[in-house]
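Handing you a structure now.
Every chain is named by a letter (A, B and C) in the order it is written, and numbering of its residues begins at 1.
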Amino acid sequence: MTGQTEPERKNSNAHRVIEANVNLYGPVTLADDVWLEPNITMFGPVEIGKGTYVGPNCVLGFPDRIEFTEMLSKRKRAARNEAGKLTKVGEEVYLRSNCTLYSGTTVGDRVRFGHNAMIRENVTIGDGSLVGTNAVVDGNCILGRNVSVQTGVYISTYTTVEDSVFLGPCCTLINDKYVTQTPYKLKGPTIRKGASVGANAIVFPGVEVGEGAVVGAGAVVTKDVPSKVIVVGVPAARLKDVPNSWKTSLG
Amino acid sequence: MTGQTEPERKNSNAHRVIEANVNLYGPVTLADDVWLEPNITMFGPVEIGKGTYVGPNCVLGFPDRIEFTEMLSKRKRAARNEAGKLTKVGEEVYLRSNCTLYSGTTVGDRVRFGHNAMIRENVTIGDGSLVGTNAVVDGNCILGRNVSVQTGVYISTYTTVEDSVFLGPCCTLINDKYVTQTPYKLKGPTIRKGASVGANAIVFPGVEVGEGAVVGAGAVVTKDVPSKVIVVGVPAARLKDVPNSWKTSLG
Amino acid sequence: MTGQTEPERKNSNAHRVIEANVNLYGPVTLADDVWLEPNITMFGPVEIGKGTYVGPNCVLGFPDRIEFTEMLSKRKRAARNEAGKLTKVGEEVYLRSNCTLYSGTTVGDRVRFGHNAMIRENVTIGDGSLVGTNAVVDGNCILGRNVSVQTGVYISTYTTVEDSVFLGPCCTLINDKYVTQTPYKLKGPTIRKGASVGANAIVFPGVEVGEGAVVGAGAVVTKDVPSKVIVVGVPAARLKDVPNSWKTSLG
């Protein structure tokens, strides 16, 4: 470990693996059984729970815009730490190679990340969720428990994704109704419990996708989708109700 | 090189370049003229062919889910190696910066990768193919020879892409017909020899795109496409036959 | 710093931060107040302006195809440098983690990059622009001043994006009319001053989007869009004129 600070150890029975060229700046707390691969960079304050794996080249605690500007204008890493929000990662989390977590992010237990996922500031991700490769979650979003965010999904700021939602590969949840052309309070969609969004679909700003609803692949969802309804097409329109035989993750 | 193991040398005439902070875990075999840039991590068994270039920050031999769980539960890197499948990269391959290849991947000769490509376990990529920047190929896929996978393409598990296929930027090949709502045996599309898929197009699970067929940009392909036909639109429909004057890479 | 060459200092009052495992190959010139995070790799000639921040794992000056082949065939890094074009980054630029800039790229002042952006050879990016996370700009493109390229945008070769354009998340600007099936001189779109392109939209090869025009999210733009017009749908069609009350960044 070539980092600037020695990580705190929560107790003396730690069975940790810390590989070459792990660089830790500021206070980093590692629980037992943490496994850190080569070339990890962390900007504390960061807390990592028991049994969590952090893959090669991951960056944790990246400063948000305010912290970043402060740090650079003062030419002092500590200026980020003083204003710095905690980055908290739960137990038995897997962060595969090259993920970036911003400062102020809270990741629950048993969350699994693919490669190169990027999570911005003040995001909460619930226990047991999955965040796929190249997925981007912008700031101030809430993701519930057991959410599945597949490869290449983009979630813009101020989006809510409830428990057990499935977001198919490369779908996009957007937050600006007027593509910057006129003032608009940015507001992402709300995806209710157990809903599914197909691959490459787009869900418009402020739109609500109801509980257990299904959005077809490639659909462009411009209006609210009622609970337990299937919508498809451009713009998305009702195809039929979700058959009773389908599981909807609603339990 | 700061790695844990000394790579085997196939013979004594090797003209290799191995830069700073290359970390090799487990058995890694390097042929002559291999060029390894800084911050590479490899999890053996890995074999790299003659004249191959591996760019900065690449990760090779990343464990699949079974190996990964085994390794973490035993707190022992070797537990991955015992179960570990070979990652085999051919001759004169270029892996540009930040690519990830999983364990059990076989890459042919003269394959060129862009940046940040991610190839999951048990994928085979034929000689002379190209895999663009940010492309993701999920597990158990077969890509033929001289395939061109452009930037940002997503290929889901159990997909077959035959020789000389062109997959345009950001197109998506998907494998789950019911977005996880009802049991379905995951099955990606089959793209036959010499076919072309336009930018941002989606090809549905189990769909076959025939030899030399052309899918327009942005099309949503929900049904099989006959050989040598052009389809466009949402959902995709026949536009016309591929003109005889067009080359189709069918030779 | 573990690099092969000592960077030139423009004067003796430099207040630089250079972290662990920064590898600089060939001539690199750093102005005052430059901040280099861990695991950066640069292939000179590279020039970095005053007050610029380069995040963890960034790669600058990556060789283009010609330089790359030359370097590998001669087994000599210097062979790239002899033919190597300058990579020039302006003042107060932020390059967040894992960005790649190719040789021959010119980045203006106060340009802000997200994470994992990839800019190919001979691209010019004007002052005050923003390039989002996972955005890819292929070779020989021109981006004006105060352009906003959001997350996941793909811009193909030979594209022109004028001042104050907004490119929404995951939109795609393409350059090959016939998906490689017949000879075609590659030509990206031209996006005129102050125009906006919505999320996931596709703009076809050679198409011109007029000044202050607006392309809706998910639109597929196959024909020129007049100035100050809104188009939506697949294929994109005129919805109405841009209301006078909308700002269009045209000043």
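As a working rule, a residue touches a chain if its C-beta (ideal position, glycine included) is under 8 Å from a C-beta of that chain, and two chains touch if they have at least 3 such contacts.
Remember, predicted model here, so these are calculated numbers, not experimental data.
When the CA atoms of chain A are superposed on those of chain C, the rotation angle is 120 degrees to the nearest 5. For the self-contact between chain B and chain C, the two sides draw on mostly distinct residue numbers; the shared fraction is below half. Distance between chain centres (mean CA atoms), chain B to chain C: 25 Å. Within chain B, contacts with two or more other chains are made by residues 21, 39, 57, 98, 116, 134, 152, 170, 200, 234. In the complex of the two chains, the chain A residues touching chain C come out as 2-3, 21, 23, 39, 41, 57, 59, 62, 68, 72, 75, 77, 98, 100, 116, 118, 134, 136, 138, 152, 154, 156, 170, 172, 174, 176, 178-182, 200, 202, 204, 220, 234. Residues of chain B touching chain C in their complex: 15, 17, 19-21, 33, 35, 37-39, 51, 53, 55-57, 94, 96-98, 114-116, 133-134, 148, 151-152, 166, 168-170, 196-200, 214, 217-218, 233-234, 242-243, 245-249.
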